[in-house]
Each structure stands twice: as C-alpha cells, then as structure tokens.
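See below for the structure under consideration.
Labels run A, B, C and D following the written order; every chain starts at residue 1.
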Amino acid sequence: MNHDLFGFEINVWADAAARLGLIVSLMTVVVMGLIYGERKVIARFQQRLGPTRTGPAGLLQSVADALKLVAKEDVRPKSADPWVFELAPYFVFVPIFLMFVAVPFAFHWEIRVLELGIFYVLAVSSVNIVGWVMAGWGSDNRYAMLGALRAAAQAISYELPLVMSLIAVGMVADSFNLTDIVRGQGQVPNIVWQPLPFFIFFVAMLAELNRTPFDIPVGESEVVGGPFVEYSGIRWSMFFLAEYAALFILALLGAAIFLGGWAWPLGEEWGLPWQLALTAIKAGAIIFAIFWVRVTLPRLRIDQLMAFSWKVLLPISFVQVLANGLVLVYEPPQHIADILLAAISGAGLVLVVMIMNRSVGKPRPRPVLTNRAAAATPPARSEAAR
Amino acid sequence: MRGLLKSMGVTLSVFARKPVTRQYPETHRPLPERDRAFPLLLWDENLDEPFCTGCHACERACPVECMTVLMKDNPAHRSQGGTSTRRKIIDKFWIDYGRCMRCNICVEVCNFDAIGMNNTWQGHEQSVYDRADLIQDLPQLLAEHKAGDVKPWIAP
Amino acid sequence: MTQDDAAAPSAEALLAASIWPQVDRALAGVSARPEPSVRDVIVHIPPDQIVRGLRALKQDRELAFDYLRCLTCVDNEDDGIDVVYHLYSIAGRHNLTVKTQLPPDDLTVDTATSVWRAADWYEREAQEMFGVRFRGHPDPRNLLMPEDITDSFPLRKDHPLAEIEVLQGEGVAYSEEPA
Amino acid sequence: MTAPFTHEHEFETQDLMINMGPQHPSTHGVFRMVLQIDGEVVRDVIPYIGYMHRGGEKLAETMDFRQGIGWMDRTEYLAQHNAELSYVMAVEALAELEVPERAQWIRMILCELNRLSSHFMFTGAFGTDAGVFGTAFVYSFREREVILDLFEEISGDRLMYAYFRPGGLAWDVPANFERRVAEVLKSTKQGIKDMDGLLTENEIFRARTVDVGTISAADAIDWGCTGPVLRASGVPLDLRRTEPYLYYDQVDFDVVTGTNGDVYDRFVVRVEEMRQSVRIIEQCMERLRPGPFLPDRLPRMLRTPPGEIYLRTEAPRGEYGIYMVSRGGNRPYRLKIRSSCFANLQALRDMTIGSYVADAVVILGSLDIVLCEVDR
C-alpha cells in the first residue's frame, strides 16, 4: 500500500518527513500562485490589469503580500479570549493540510492511498469549522460572532449534500478509494454518469469554501470579514492560506472524482508529467469556474442558503443515492445500467434547475413608463407668480 | 437559471475586452485645457514682472480665505525711472493650497488676468508631509509660469 | 419676513387666481393670512392653531396636502423665529407654504408629526439648530449634533461663526483685513 | 435608546445589539445604525446621522451667490450639477434673471449626464452591497469615469464643477462638445446594457431584492420620500414632469414607476431612468443652438431683492430643494437645503424592521444615500 515516492527504499520516518516537507512547500507555492491567479483573473473579468507592480507582470505580488503580513503586528483585542483567539487559526489550518494526504495527483503519486479516502477527506475537512467558531467566539466581536455562527450553520448544512453526492459517486465507482475511483474513469469520467452529484458537489464546495454566492460568513458588506474581523498579520494570513489551500484541494478532489483526474482521457500508460498536467488542467478549470462565479454572482441570504441546502440539495441527493442503489442492486446489463444512471441523474439535475427557477419566480416585467403623468390636474392654478 | 447564465455571459464577454486601467504614475491621462488644479500667478514676460498688482480682488472673493495679498509701490514704474506701466505691484502673496477649494473664482474676478489655474499634472501632484508646506509664497506661485511650464486657460 | 413692499400692486388679484380661495375655505375656523410670493402662496397661521390648520389642509378632500416637502425655521432675530412648512399635494399637484411666527420668548409649537410622519427628523433638526421646542414630538433627541449639546443653537443669527485662522502672512498672526 | 427586550422562545433569549457604522463598509459614508437583532432577524433599527455635518446652511449665509455655488457641489458630491442648478435657479427666481436658451439646454444636458453618473454610482455600490465581488462597482465606475472626463473638459474639474452661474454658465462648452457627448452616450449605453445584464435578471439578485424592504405608496408619501424611492412605490412624482423647469416640458421622456416598492423596483427604476436620461440628452443635443450663455446685462455683484423661494428640482436621488430667504444684498439671509436623502432615510426604519441583517444592508443601499447631502 505504501508506494515508494522516490523510487528507492528509504527509512519510513524519513519518507514521512520528506512527504510532509513536500506538502508544505507545495502548498505554500500553490497558494501564492492561486492568490496571484485569482487577482489576475478577477481583474480581467473586471477589465482591470490586476497586480503589475511587484516583479514582472506583478508575479511577486504574493511574496510581497506574505512579507507584509508576516511583518505586520499581530494584534489581539484586549477583551478577546487569549487561548481561543490564538489557537483558532491552527484549527482552521491543520485539517486542510491533513486533507492533502489522500489526494491523488497522478498514477501512484499521492501521499497515502487510503481505502476510505473520500471519508477521510470529508471527515478531516469538517474539523476546521471548529476553528472558525473559535475565531468568532474568541474575538469578542459581534460581527465575528455572527459570522462564526453563520459559518457553522452553513458548513453543517452543506457537509451533508457533499457527503451524499460523493457517496453516490462511490457507489457507481464501487470504491471509496480515491485512486481506484480515478482509475475506474479511464474510459468515461464520472460526470457523465453522475451530473447531479457533480452539481451538488460544486455548489457544496462553494459553500464549504465560503465563496460567492455562499460567502455569507465572511460577507464584506454585511459582517465585514466575519470571524477574521479582529485578526491581523500572520494569523490572518493563516486563515487565508487555509482558504486557498482548501480551494486547491477541493478542486483537485473534484477533478479526481468527477472529471477523471489523471486517468481520462489519456489512460494509465502515459507518463507522470502528462498525468500531472491533466490533473492540473482539470483542477484549474474548476478553480477558474469558481473565480468566474465569484466575480459574477451576488451573495445569498442566510435563509435562502439554508433552504437551498435542506430543501433542495439534501433530499435530491438522497434520491440520487437511492436511485443508484436500486439500479446497482438489480444489476441490469451493463449498458442499460449506465444509461439508467445517467438518465436518472440528468433528470435530477433538470429537476434542481426547475426548482431553482420556480423558487425565484419569473422576472418581473419592466417598470411602468408613463409619458403623460396620471393626474390630469394642471399645476398652473397653484402658483401665484409675482 | 437563465439570468445566472446571462450574468456569467456578461462577465465572460468583459473578460475578452481590453483592460481600461491606466498605469497612473507612469502614464498620465492627458489633461484637458480647462483643467483646474491650483491657482498660480502669471508672469509678464514683456516687462519681466508679475501681472499681479496686489489689488486684493481675489483675496476678497475667495470663499475659503486661503489667500493673503500685500501690495507695494512698483520700483520699476516709469515715475521711478523704470519701464513698467504698473504703479502698484504685488509685494507678498500666499496661497494655502491645503485650504483652496479650486473654485476658479479668483481667476474670474481678476481684472489683470494675473492669476490662473494650473492645468498640468504637476499642479495636481502636491502631496507633502506637512500641511504647512502647502502654503505657497510669491516665488513659488510665480515659478511655474515664469519657466513656461504652464499655460493656464482663462475663460474669455 | 414680510414682503409687503415687494409684492405686486394687484396682490389681491394674484391671490384670487391662486390656490388661496380653496385654502381659505379649508381653513375655516383658523385665522390665516395669505401673502403672495415668488412661487408658492404663503399662509400665515398663528402658532396655537398651526397643527389644526395643517391637519385641515391635509384632510381637505380637494386640497389633500398629503406631502410635507420640507420643514424648517428662519431666525428673524428680534421678531422671533418662523417655522416654515412646505406642502405639496401629489394628486392635485399644488404647493403651499405655511408659516407660523413664534415670539422670541416662547419658542414652542405643537409637533406636526401627528399629521405627517416626515416631520420627525425635520423637527428634530429645527429643534437642535434653532432651539424651537416641538411639543409632543415622539423622539426629541439631537439629530445632527452630538447629543450633549442642547444649549447652543448654531443656525440662529446670534450664534457666531468660528473665525478662519490664517496660517500664512507676515508672521503667522497676520489676519487683519487689508485696506 | 430602546432597551433590549426579551421574548419567549422555548428558552429565554436576549436580542443582540449590533452597531453598524460609521466605519462599516456598506453604510455609504458615515452613517451609523444600531441594529437590534434576534438571530438574523432585525427587530429594531436606530439610525444616527450627523457625522458629516459641516454647518453648510450657516456657511451659505456668509457666502455671496457666486461663492455659494462651490459650496453646493460639496453638499451633493454625486450630483453636483443638479445641486448647483437648484441654487442658481433660486437666485435667478429671486433676482428675476432671464437665462439664455443655450445655457438652459446645456444645463439640461449636464444635469442628465450627472444623473447618469450618479445612477451608475448607485448600481455599482448596490451591486457590492448585494455581494457581487466588485464587478458591478468596476463596470459602473468605468462608465462614470467617461462622463466625469467630459465634465472635466467642460468645467475644468472632475467633481466640484462650480460651472453654473446665476443667469447661465461660467463659460461656454468646448467646440467639440457635440462629438464628445455622442461618444459618452455610446459608451454609456453599453454600460447600461452591461449593468442590466449583470444584475437585473440574475436569479440570486432577484432572490435577494424582490419583496425586500417594501414600502407602500401611502407610507412613502407620508415619510416624505422622493425620487426613485417614491416612484418605485408607484407614485409618478417626477418634478421634471409635474413642475417642469428648464425645458423639460419640450422633450419627450417617460416617468418611470415601479409596482411593488421593494428594493428590486428601486433598482430597475433607476436603470430605466438611465435610459430615459439618454433619450433626453439626445433630444437636447438636437435642439442645442449657438448663442450667448449669459444674459447681456449681468451686474458685477449680484444682489437680490427681498423675498423668499422654495426652489426644487429633480436630482438623481429625488427632490433637491433650496429654500432661500433674501433680505436684499448679495447673500442669502437663510438657506435651507431640502435634501432628498434626508427624507428617504427617515423611511429606513419602517423598511428594515422584520427583515434579515443582510437585507438591512441591501435596503440601505437601495436608498442610495449621500451622507454629505443628509448631514449638509
């Protein structure tokens, strides 16, 4: 199970340390790249240039930001709970790192192959909400408190559809081992069989990442950054490191589970660079979509957000799991099973879209235009000209 | 869902457009001729002295009282053996750029076209570390037009 | 704030052609005095009858002054303070200015918030700026000024305007008006 | 201050008081409101204004009519031409000045352009309030910038124009004015299209705004609301139509009214008004003829006879009134600025109670307040 990362035998501890070092350095570089990328992409969406000053085309912007954040004073409010306040960033930060363990980048190129990889990732990822609530509670700030409660409510609500959608995929793939799931998609990626779980996964991922339109815990215009409102300097940057790392990991997961990861369309025979490139391209596409959504959509309100999770996504993901189970239990011939799975899931997706349309209603007709105002009384009578 | 897709389409179409950002300190937008930065005094090249006679018209008209004017007898006047036609001339002049609200009234009330609004970028970029440095005295106010850097626009 | 000298000779004719006859009818039982003005007719009502008059103007079916445009005060120094109401009728599209003159020794008038809720903030502003007390106002706190300043009324004519400190000149103290 | 009250659930809870502003990012300046919230639901709102109070009315009493124009810009820093217009028209009415035709048309064009730039500011800021990450803001600022460039070419300043004068204009527009206006309108139309496409039909935007902050026509009138806030409730009160000034009775345009009086209506009414403004400007450009921009005889120091006037014009945010009392002389005896935002803001409490915290932000944004104008 423990594959050799470097192609030769080394001590287990040294191996672990090397892998850990690899994660940390990779994570830092990736997060810096993501921040730079996000700023550039969003700038283009807004007809701006984005960072240009630091280094060629602003490439060193993230480095400059990091230096600034490290150099900044680490302020703690006098009335904050010192332990809870100071420890909160770690509770957000560490679980994200732990998620990296199971993510497959390429064939035999992962930290650890876990039989229940999906479960592990989900279990670990939900720990970081503790950190959010700690940050909100420890700050002794009402905005932070409000944001933390929103974050907790949202994370719990969207954790369930996320789990159910991944379970549905796991059923189809016949495994919870991420590597096996990817390998099973050599011919056709899972998104074809399971478009509805992909949609649920994408939406729940946005919610888990607190990204627009689900960014109510940090909504700048409402709770002014939510749980982070009192943080500064290095601690604040840890929250953001965690946020972008989570973005990266969830995009990788989405690429691996739904888009065929490194396996589709090239297959296992192609070399490591190709597989890495495939993973990167797919994850990059998901990340680009997230940026695109972020730059376009307004924020939902808390009740709409809750209703969408509990009344739409969760029931429909249960139905998806149930339908998958029925199809798989009765074991129809392979091609019929495939068609059934895809059809049911596609129908579910259409249903979700219909529910969304229905809940919002039709656009209101254009405002009333009156060329002559309604009241016909001439105004001249009221005025006594001198 | 249609509306969401339409919005996404709008942002995507903007993605393809050319950015409108100007890289400000390196590339300045060309300023229109009428641009008003801060008032400065004009230099009469023919007589080699300021146009300003220190008549206090602008000082009295200034809504924020940012100007201080002192006049004196012109030593270069004909009666003193000089060439100038100005009997009185400006002695000392201060304008507090920090208080000036750039309303152009001083230019309008001036009978001698002796004061004008700077219409260059140097006129706008006046940041200093101390407010007192924004108080300009006569040589400073005259310097830019004297050197020919500025051609203020004065309404006909 | 009289304009007798500036009013046109045919003030009566102007008033007759204006909205005044209707106002006069609506204000039965209230002693009101009209005055033509540049744009809208001004009606003077004594302070003790003002709210009655305003309510009559609002409730009159034909006039229906349902809209309070503006409420403010004018300090007439020795003649006390005028409270000025600018009314408008959305359905009838006519305007009216109502004035009441408060004597300097009794700057109290009934609140108009019972007629239009819009009067709320206007009265609070007038109260802190002019020291006019609006009897029965639901929330008579300061609106624009700090809550502890209740004895100084900036918009009155006797309230001094702060001197502009001149930072330049012959020595910093240069501030005299040049001849 | 209202005491936090407790009310019965299965367990006893206490409402949370949240102080929003004056440094909150979505209070559009220095507005402060204290929200009393039960969970996410707003139970009460106490608005506080006055952080921008500069005693403008007192200052205006010390300024002569020319100096006062510059001050008007500073009370309404998003619709400066409209604010100046009320002031100079009040002076003209008192001093009985005739304004040349060309000056009137140019004033109309500039006021409508200013309405466009102000509404662009609204759509951008409102998009940000609703949670669009800066996109609406950047799009609308892009268009506003084009309009401000034109204003700078005409008046010399980007924000504080001081361009209108009692009797006309400070100076004539540049020679390429017509070409430049055509360019600006072209870009503006694209901007309105972008803005409309980005938000109007967007499902999430509609979910956030439809039936939020509703105010009925009767309430809106009672609170003294004007402008788009009142028109969104279905009252066609537009001073350009009901009491025409300048040459608004000679151009063809529609008064835009909403049906529900909610936040969404306030948004679409403003977007539609922008289209109407473009229409008005195009008609004005056709009617613009060369000619004088100031009356022939204008005293060097303008003095008005005694009198008083309440002069109101339709600014982008509603009725911008100047109540000017003159006792002769070259400055007003008393100047009261009837600010549209001031009255609109009064209705905030009624609109907000019972909605969510996130709605409170959107409702405040939909009023499009300018705190300088509220506090003066």
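Just so we're on the same page, contacts are C-beta pairs under 8 Å (C-beta built on N, C-alpha and C of every residue); 3 or more make two chains touch, one makes a residue touch a chain.
Just so you know, these numbers come straight off a predicted model, no measurement behind them.
Asker: Which chain has its C-alpha centroid at the greatest distance from the C-alpha centroid of chain B?
Answerer: A
Asker: Any chance you could check whether B-D or A-D wins on number of contacting C-beta pairs?
Answerer: Counting C-beta pairs in contact for B-D and A-D gives the edge to A-D.
Asker: Between chain B and chain D, what's the gap in Å when you average each chain's C-alpha atoms?
Answerer: 30
Asker: Quick check: how many Å separate the C-alpha centres of chain B and chain C?
Answerer: Computed from C-alpha means, the inter-chain centre distance equals 42 Å.
Asker: Whole-Å distance, chain C centre to chain D centre, using C-alpha means?
Answerer: Those two chain centres are 24 Å apart.
Asker: Could you pull out the residues of chain D that touch at least 2 other chains?
Answerer: Within chain D, the residues that touch at least two other chains are 135, 139, 142, 198-206, 242-243, 307.
Asker: Enumerate the residues of chain C that touch no fewer than two other chains.
Answerer: Correct list: 6, 37-40, 90, 93, 95.
Asker: On chain B, where are the residues touching two or more other chains?
Answerer: Counting only residues that touch two or more other chains, chain B contributes 1-4, 7, 10-11, 14, 20.
Asker: Please output the residues of chain D touching chain A within their complex, sorted ascending.
Answerer: 16-19, 24-26, 40, 127-135, 138-139, 142, 198-208, 210, 232, 234, 236, 238, 241-243, 252-260, 264-265, 268-269, 272, 307, 356-359, 361
Asker: Give the list of chain D residues in touch with chain C in this complex.
Answerer: Going through chain D, the ones touching chain C are 49-50, 53, 55, 57-59, 62, 93-94, 221-224, 235, 237, 242-243, 305-312, 319, 321, 323, 325, 333-334, 336, 338, 342-343, 345-346, 375.
Asker: Considering only the defined contacts, which chain C positions touch chain D in the complex?
Answerer: For this pair, the touching residues of chain C are 1, 3, 5-6, 37-40, 42, 66-70, 72, 74-75, 84, 86, 90, 93, 95, 97, 116-118, 120-121, 142-146, 154-155, 159, 161.
Asker: Which residues of chain B touch chain D in the complex?
Answerer: By the definition above, chain B touches chain D via 1-4, 6-7, 9-11, 14, 20, 31-36, 61, 63, 101-105, 108, 117, 119, 153, 155-156.
Asker: Tell me, which parts of chain A touch chain B in their complex?
Answerer: Listed in rising order, the residues of chain A that touch chain B are 43-49, 52, 292-293, 295-297, 353, 356-357, 363.
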